[in-house]
């Protein structure tokens, strides 16, 4: 009964193409789970289904006992599921601060909505601090570079305080140091949230992941610790490829 | 600011010119028809000026664009009266534009000369109507049809006050004269798709179609009637808003043989008309045609000038008082102002459209018909003017 | 801080100007100004819906008309006197006052309807349309079709609505004699006050969190969904507010102009309402108001001084504004500042925030 | 081959590049580095002509191309993979490649096959609309698209972003081979190790200015690495 | 019988709608330009037939088809070069710009050809109609139908088979990427606008057969034309074809079954479209993409 998210018998079909087939997937409270798999394996599609962006052909998604399939996107967010996107989308006309404030505000009631923002709430301030965009707080988000946008998106997710965070390649386009910082941020968030991260960066995975789920062609390939997964020949075959060392060895 | 600016005091005759307003649609869907009326009114003003003007002063036209938009007509009327302080205004075509201007003229006690045939049931003390009212056009047309033995009528009209009221009158006439109305269809002004109505006509097979469409729609209606396989023999029509100008746009081939009812055609005989047609062509081009509303607009200018001359003033009340009984020889023949209702006596004429685009008169009322806007002299119309 | 100061000063200055206008203008010109002010009230709403919310409404005339007809029906009944029929009904062959008309004899009911009718229609339509994520060009064209259909409906029901003639000929407006210049001045002041209140209310709205949410939805509706908001609801609200303002404006327009016809709310009229806003600057409320006034004034002046060719001037005005001041006159100031900043070379085209990307038009 | 001199670029009022200079000799592989938001993407766009330069010059093959249109630069032999898996979303994968092949002037039919050799996954996706592909699939398509234009100098903006590890390895190998075959490459890459393995030279940007450049080996230098730290 | 007739009539109304809106599937559907002056290009096409009449007599309509295509196209090209090219990605701004241009063009026509309608004579072989056992299809309607279908076939070939068409779609979907793929985007824009506007010219010639030829000819069609393109799904040729015929048939039946139908038909059509969009929010044919907006 401790499962926070349960996906059962999920099938997603796009005009004849089976993107996800008979997938069962469970996330427990407080987990920090990594989801990997080849390009096109169906990782983003799984997140799309959970968050209501894509309607499955069959199967159920249960979140904290609540069925999610059929709910509208904003209702799912209100139920406590937050996500980021593979390509970041921020509100370019609003300042960085207002982007965060907006994200933080979905629980506000109408009267509060109709008032101006005065000052900065603690949540927002700390998120701003965390993502390191304090200097740019009052600049429109439109001027942010690719990497800066990624940060802002993570910040917007964090201030929403969702029970489940779904992050789609959060460190793509970040430098090594930034990846490091993001990883630490994730770990701290995961202390009191459940987090699912999609990532292709294996260094990042090795550094921060405990349990890893591998998808392949819409099905579950395997699940386990980083070491287990990395050692799995099927995973090497379809996903990891042979590393440099291996290639070098082969050549020798 | 002066709310005491009574236009009748200023009378538009300050200085050595008299300003008169000309208010027609120069843009939008009605421009097609109204521009020509403006042109003939300007011609009349030119002629009046050439003959020495009015009370020794030249007329100075102030032209405004009603833009086929009724509120604009009201606004521009107000502007002509209040800002330009014109002595009188010539303007309007659709009844909708007249209805919009009417309160403005009444409120300001200013004069409007309205030059187009219309649905009657109106007699504003501040409007002179130089076009036909129903007993000078529609009723004679109906008499003519009855005489020709037409028993069933199909009514096709644009959706506004003139066709709807005209058709109300036609239905009353039909009921009292043993004719049946087998169909009644309205389309929005500017409508150009008539295939369904043509289909309905084909099914109803009326003896005659009474057409009160206005403007552009006539072109589409007749083209589509023709290509729908109907000719003047298989589906005869009589139109009250199709004049020489419209015939040219429809294409004479598409409409030749159909009937129209007016008070004037370019072919109307008489020296005055010959002079008018020549003058018009000289001013605007040899290919131009003249038509009933153009003539009525031209008449309006001449009649007002005569009334002002007779009154010795352009002041509104004086002109109104002097106008009654004024009779002029105009292109359509003798035209007399009926002082009682401010309409004019007009000769009714039924015409047959010729392949060359001209209209040949096939019947006329013999003498000018006294205007009867409320059809008081027609027992069958008793219920209409409630 | 100084900016708000100068803005406040400008607001006060404009307000003062509007209040002394009756001393400067002839009654005719004052009437025209009052009419433009009605358009300005609509413009405030459009600036909210379009400038902020990205909803390009090409059918704002419908709401203007609903408010206007609600008022016009009442005035018509007052004119006719108790138990009597409005003039156009008798010439259209209607013998009994239609049921729809009866409650409008009551002034309170009519006043309530001025707002309730347009708002209700906007709410219904907004929920139906925005829920289905119809937006951008789709919304624009639909709203334009709405205007076209509404006009045809009005024209086709002559006995009920006065048809293409509309409703004309009123003398009394809640005790004001519309034939009297002094009373018309009072009407003018009423309109000035209503405009001022509308401006302040919408300004408050745009500066609130709600206003930011609206902008966010304009720029990324789907993303907002994933922040836990229902964009359909947020948009519908703004749409309804703009509809309500248009309704009020329509109701005030009727006594000022003295008639209301379907042409006042058709496709072209709706476009013209919008164009005023575009000229002034859709992103700025003050710009929108100024634009509406300017556009009304320009149209009058052009058509008066060049009745044969004023469409050239008017057309050229739109083209010029779009070419050189795509953010309207209010945006022109910023553009100039940018131009000065980039002294040496003409600056690259300023990335204007688009309400729609080509992508969106299709997707 | 490619030479950038004293380049100033701004977005509206906000200047982003302040007199950047850079040299990428023929057949060299230069790695452009720097933290997020320093102006790497901006520089590549200015070189391609996607963004106008406020001042400064871009020379390619000894020819001043600063004033040329984008497609003219492409036809001269500049290829570009923009950041963030750009595709023609409503065109199929095959059409995406076809457009690029048809317009670049070269008609060698083999180029598309060569691209497929590098990204075999694309073969199975030929009839699918690009907009429906997964992020990584799109990125593979984006690189393939650029290769199909047969450039002599290729500008890559974080090409491995979102791509699965095995294919990253293959891309690395492909870049190595293309480079070996004489293609000049200007690479923006966040994976330092990868950059280190591939680059001849590096250029580090900070706040819109070049703060360091040199041979790739210098990248192992701690003082250089500090320039990249946050 | 009347019912069957209405079906035929509906198809012919649909063909007119389709012809009037085909050009918009390019300029609006592909390029995202809300071109309010499209109607005036239609008008220009109609006047082209009128101008050619003194030379070619009643066959002017046929000669005018290619000429009007060129006339419309060149007008469109001028518009694109002078104005539109600065407005890509800002469709709503183009709406206002082109509305201004449409006012100007109307006035130009009024000043050149005069305010009154002119007339174009149909060739002899287009008068009369085909009788299919009581159902009558006028030849000129058949001509329009054939013309519309012909245009649709040519366009779909262009879009799917020719590299110019592919290039055009590429530019419209991702301008910057097209440029860095070596596509001369400016040239493609010109070609697209030329074709779209040229089609308007062709439509204008066809319309001379059934309706008035005057300065406001185009503005009568513009709202319906946009509606067709939107109901069909922007830029979707197939959708536009279906939408045009569906609207045509719907229109003709409502008009037939209700008294005072012409007024009512538009209202019903509008309601049906709103209802229809409840099920298919993005038109009949949907181009989804995974991208968020």
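Just so it is clear, A, B, C, D and E label the chains in written order, and each chain counts residues from 1 on its own.
One rule holds in what follows: a residue touches a chain if its C-beta (ideal position, glycine included) is under 8 Å from a C-beta of that chain, and two chains touch if they have at least 3 such contacts.
As the structure is a prediction and not an experimental result, all values here were calculated from the model.
More C-beta pairs touch across one of A-C and C-E than the other; that pair is C-E. Comparing the centres of all chains, each the average of its CA atoms, the largest separation from subunit D belongs to B. Most remote from subunit E, judged by the distance between CA-atom centroids, is A. Distance between subunit B and subunit D, defined via averaged C-alpha coordinates, is recorded as 74 Å.
The centroid of the Cα atoms in subunit C and the matching centroid in subunit E are 30 Å apart. Centre-to-centre separation of subunit B and subunit C, using mean CA positions: 36 Å.
Work out the mean CA point of subunit D and of subunit E, and you get 42 Å between them.
The set of subunit C residues that touch two or more partner chains comprises 152, 155-156, 220, 222-223, 311, 351, 359, 362.
Shared interface positions of subunit D, i.e. residues touching 2 or more other chains, are given as 11, 89-90, 132.
The set of subunit A residues that touch two or more partner chains comprises 85, 87, 89. For subunit A in complex with subunit C, the residues that touch the partner chain are 51, 72-74, 77-78, 82-83, 85, 89-94, 98-99, 101-103, 105-108, 112-117, 142, 156, 160. Residues of subunit C that touch subunit E in their complex: 50, 56, 125, 128-129, 132-134, 136-138, 140-142, 144-146, 148-149, 152-153, 155-156, 220-223, 267, 271, 274-275, 278, 309, 311-312, 314-319, 321-323, 326, 349, 352, 354-363.
Residues 1-2, 5-6, 9, 12-13, 16, 106-107, 110, 114-122, 126-129, 136, 138-141, 209-216, 220, 251-252, 255-256, 259-263 of subunit E touch subunit B in their complex.
Of all the residues in subunit C, the ones that touch subunit A in their complex are 204-205, 207-210, 212-213, 215-216, 218-220, 222-231, 351, 353.
Across the complex, subunit A meets subunit D through its residues 14, 17, 37-41, 43-45, 86-87, 132, 143-148, 151, 168-169, 172-178, 181, 200, 202, 238-244, 247.
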